[in-house]
Amino acid sequence: MKRLNLILVFVIFLLSASAVHADQRYEIAFPDLPSYKTLKCDFHMHTVFSDGQVWPTVRVDEAARQGLDAIAISDHIEYQPHKDDVSTNHNRPYELAVHRARMLDVLLIKAGEITRDTPPGHFNAIFLSDVNPLDTEDFVEVFKRAAKQGAFVFWNHQGWKGEEKGSWRDVHTTLYDGKLFQGMEVCNENRYFPTAHKWCLEKNLTMMGDSDIHTPDLRTKSLPEDHRTLTLVFAKKRTIPAIKEALQAGRTAAWFKQQLIGRKEFLAPLFDKCVTVECPHLRTKDAVFTKIRNDCDLDIVLKRTAGPGPVQIDLPARSVSLLKVDTKTPDEPLELKYSAINFIIAPGKCLDVMLKVPGK
Amino acid sequence: MKRLNLILVFVIFLLSASAVHADQRYEIAFPDLPSYKTLKCDFHMHTVFSDGQVWPTVRVDEAARQGLDAIAISDHIEYQPHKDDVSTNHNRPYELAVHRARMLDVLLIKAGEITRDTPPGHFNAIFLSDVNPLDTEDFVEVFKRAAKQGAFVFWNHQGWKGEEKGSWRDVHTTLYDGKLFQGMEVCNENRYFPTAHKWCLEKNLTMMGDSDIHTPDLRTKSLPEDHRTLTLVFAKKRTIPAIKEALQAGRTAAWFKQQLIGRKEFLAPLFDKCVTVECPHLRTKDAVFTKIRNDCDLDIVLKRTAGPGPVQIDLPARSVSLLKVDTKTPDEPLELKYSAINFIIAPGKCLDVMLKVPGK
Amino acid sequence: MKRLNLILVFVIFLLSASAVHADQRYEIAFPDLPSYKTLKCDFHMHTVFSDGQVWPTVRVDEAARQGLDAIAISDHIEYQPHKDDVSTNHNRPYELAVHRARMLDVLLIKAGEITRDTPPGHFNAIFLSDVNPLDTEDFVEVFKRAAKQGAFVFWNHQGWKGEEKGSWRDVHTTLYDGKLFQGMEVCNENRYFPTAHKWCLEKNLTMMGDSDIHTPDLRTKSLPEDHRTLTLVFAKKRTIPAIKEALQAGRTAAWFKQQLIGRKEFLAPLFDKCVTVECPHLRTKDAVFTKIRNDCDLDIVLKRTAGPGPVQIDLPARSVSLLKVDTKTPDEPLELKYSAINFIIAPGKCLDVMLKVPGK
Amino acid sequence: MKRLNLILVFVIFLLSASAVHADQRYEIAFPDLPSYKTLKCDFHMHTVFSDGQVWPTVRVDEAARQGLDAIAISDHIEYQPHKDDVSTNHNRPYELAVHRARMLDVLLIKAGEITRDTPPGHFNAIFLSDVNPLDTEDFVEVFKRAAKQGAFVFWNHQGWKGEEKGSWRDVHTTLYDGKLFQGMEVCNENRYFPTAHKWCLEKNLTMMGDSDIHTPDLRTKSLPEDHRTLTLVFAKKRTIPAIKEALQAGRTAAWFKQQLIGRKEFLAPLFDKCVTVECPHLRTKDAVFTKIRNDCDLDIVLKRTAGPGPVQIDLPARSVSLLKVDTKTPDEPLELKYSAINFIIAPGKCLDVMLKVPGK
């Protein structure tokens, strides 16, 4: 029995088998902005190398089939419950997954999660070149070592243990003043953090939305009604350096439970690229009938704020909706005033939008 | 108790209720050809006015939500099993449905089905201005009256009672020579007719695919794996006259059970618009890795005919597939030779296609 | 061309075709009570014979495939917007559908909807032998004629035009005192009527839940998360007379948007038949682990009211849920106190239930 | 920063989180036989401890939510591509998963895959007490050590590298004569092995069907049209020793792509428990109409072999089908002769069944 042959045979078999499993990619529909590409990213997830339950390549396969552009595997640095059985080299998840990521055209970012008791809480450092130096006792020193590598660092799930434990402490001021962290998760998996959202706006921190997934992700593809929590990154190119530049510049929105959470300056043009009012196909003496396209993966809901138009307009993802507007001047152009209730520009505040119906 | 008020109240209630039911349209994805719009059409269906089981407006609602551009309600002229209870005016289905069709932007074509025992069989006359004159005894006279109205006429489900009953008779020659019919259904609902397909090619008849639906269509939207049998019409514009011109010119394909059946001159450019090979994202020393987009609603399957590339490539509808091609010259452009097994250009014959992978 | 042969051929073809369409029945899972069969019924729906959009047989097909036991087609008596095209004999919907109902084993109940402006509103009279005599001007007289035929009559969608228009008037007292109506819809299609619910309890009226469907029902089968509004009838047998007896005795519950609305005396034993706590499969020193079966088509949600057990227990339809209960005496029997939040026994009031976990 | 506290906090958090993920169990419907329980088992799967991609507990979670009764994690003994990062103690997968299995009431069987080049091929040894002694060079010695532990051993995916490589060699005779293996996989994941099937019948080996899963199983629940390949075990009790006794006695069937493959002596009574013909609900002068229940998770298809009844009867999983039988003696009992085309009792041979329709 020759072990070498056996292994060769296996490698060939596995490659062809895995190619079958990973060869479909279902793109997520969010259009590019006029000046930026809209990249779908998840910067927080785990594998068997900390407390996750999958091998690192599984995270790449999940990302590819769900249409993600970039991911960061961010295993806990200080917390490794499987260490009796699994290597403790913090660079291994990246090293094991990067070839598969290149094959499947998923941008893989080297990362780690700085995992301390809350407060001060957990932080992800991404765009690292070597995760191992971050495994050191002194808390602020960890951030300095991340900064030395040019990392982008964000505070994870701020209120996950309650608002008191998630409150802003002196150490956060130290880190913030030293520009040692630059973003916060406004949502993580199934939870939204309004305090983090407020701080992002007040302190000019980048808004992040991540899955923090530990188990296998069972979704074969992303669906509007069942999607991962993600960060949309408005980047100049589809490259890792361009993502880093966009995060440093704060050009993001979080996609969370059928909502987009972000700054008005990005959500307003994104809405305009998602929603298109067509020229009316019928004008009667007291109404116009037109179609509205929604080309994105969000089931958009609009509530009227003033003037003509129905009280509510539903625009399901990737569909065309038929709209009747009552009007005594059906040949004139119309401006319909609505609030886009799943485009969130501040805690409790939605984006105001205008639907322009062309005249004859 | 005032009946008038009652009715007014009802009309208002019904209008608002029905608006809710019909306001989503899920477009079918088949791209336009370089010179033509690709319209999704169904020219054969029934209502309570012959042996169908729905009111004519239901056919419009079904078409709108499934993303159809045009339909013809083609109730049997000579066969009206509900005539004890329902009006026998052959124009009523059109008259009752046309306002709703205009509201929902479905092009509604006035039509009737000439329904004689097989042989000679059933024929649909569409683009009629008045269906009633076609309700006359003499078979050939019916066709002459249709012709006088400028109708386009096609032979329905040729082999539905077996090849013998569906064979070509003298009367068909009479009709064909007189240019009294111009097309044939190559498929109808769940059945494909290879003899009809052959005759369409030999005799230059237009290929049609229709649902012939009698019951309510339960599909909320068209899905690649569960769609209506339809005719794709390659028309200069999205208007009824343009559809008529395209049918007369033979510019169609039938969409039937995840297959497209049509002439090579239309299927070849349609394939090229549906499938896009991207620039490779990875070139190793013995392989290139690239992505192939399929932007249409057909789960395309390709079988290799010669040269490099995998034996089979699956391109699910509206997705991106990852492709690895083994090659010793990864920087050179590649031409991959495949047969598109669900693009049918003649009975038993598939479209040959070339996938061009760009070089470095 | 022989018309007779043609028609014979057609009839044969249609019979076989329709047999294909209607031959699957997906049963709805609600267990029988100790003394009664639990029948799934819909007593309110429309066809082309009033303002509906389908032929009467379609209502039978829908009922059969969705697993209903009994339906009443209840076309409006006084309101027939299609009367220019469709017969006005009020018995025709029943007559046209009854043979198909017998073939598919759906119990078809002859009925009509007494349709007056609101107030006094709409009422369904079911178990009629002849609907036509109810087409008379005098409102109370209609009810007397229904009573003479032994009909069961209920008030439809009481608050559909607002609480004021749905308020209890003298005429309702007249009808009620004369025992001329015996039930009320507590829910109709997408709406629940708490006032009707309250009156049913106060005045001992039978609670009804119906679809009031006008368009084709697109559901291929009933699903827990997408089902028709129905009336569960607790009957001695699966026959029309037994249903009538049960309605007269008030033995019903309404199934509405994943909730059951009914009297405690029926919901309590129904819950006990739906939910089974198994014997624990694991007892540790501080917890027991057991399984709970939910054999019905309701996604049951339980909230803890007191004592041990998790704060909330989700019991998805037709599944088994794993339950861990913390306890210091794992070998002793446990009694877990919960509120079944989708078993509604009065407006705003849920059924209290006890889960008994067996001891060792 | 106290590491100990941190870890305690984490453990609590993870336990509650994972409880949420794993608490639904969707049972697979295959009825018990008159004398045996029908257990749903998968005896072949992998984790990160060999070439799989998940942590061992994931295999338990998958089994629980899909309604399995028992699994064996059977990591390769001689093949461990992750050994640079993961422990090589062959008992670890079992040890890490067994507590979770007890919590979720999944019977976990300790096992290993004897992985040699083909021929002689791969074999699973299950019901081991210690896997490590099987990691030894001499091939036959491995089997002897398994036998000493009382293991049940079966030959995996016999023809996976072609019939020549899967042919029966002297070493198989040695093992077989020494009673060192007792079963064969007749199907594995997506493949069926007719030669293995034939040998099972000829040599009285137990038929197995397994998933051999390496990646995460994305199914949330088992569906008739998308299920894992499993072994149905007809056991006296739901315990590990009872499963072992049943496997030794050959009481199994493989569930593979909507088919059951097994011995006639088990498939015949299983069919009778799955399919119930009800008493006819309608007898006309030339036909009877009755209902047939299919209570299992197989979409059963029947083809008529002789006598009355439709040419084909489709019995979708967990549904009731309406059946019309033409007969001149509708009051007499009927015996309908069919072949159950997805009950496979030998390569190319289906089970003959009789449907008995009661007389009046």
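Letters are used for the chains, namely A, B, C and D, taken in the order the chains are written, and counting of residues starts over at 1 for each.
The rule is simple: a contact is a pair of C-beta atoms (placed from the backbone, for glycine too) under 8 Å apart; a residue touches a chain by one contact, two chains touch by 3 or more.
Predicted, not measured: the structure shown is a model, and the values here were computed from it.
Q: Could you name all chains that are in contact with subunit A and with subunit D at the same time?
A: none
Q: Please flag the chain sitting at the greatest distance from subunit C, going by CA centroids.
A: Farthest by centroid: A.
Q: Please compute the C-alpha centroid of subunit A, do the same for subunit B, then give the distance between them in whole Å.
A: So the centroids are 40 Å from each other.
Q: I'd like to verify one number: the distance from the centre of subunit A to the centre of subunit C, where each centre is the average of its C-alpha atoms, in whole angstrom.
A: Centre-to-centre distance between subunit A and subunit C: 44 Å.
Q: Write out all the pairs of touching chains, ordered by chain label.
A: Final set of chain pairs in contact is A-B, A-D, B-C, C-D.
Q: Okay, in this complex, where on subunit C does subunit D touch?
A: 19, 22-27, 64, 67, 102-105, 281-282, 289, 291, 314, 316, 318-324
Q: Contact residues on subunit A for subunit D in the complex?
A: Touch list, subunit A to subunit D: 1-3, 5-7, 9-10, 14, 17-18, 21, 48-49, 51-55, 57-58, 61, 78-79, 81-82, 84-87, 92, 96, 115-118, 137, 139, 214-216, 218-220.
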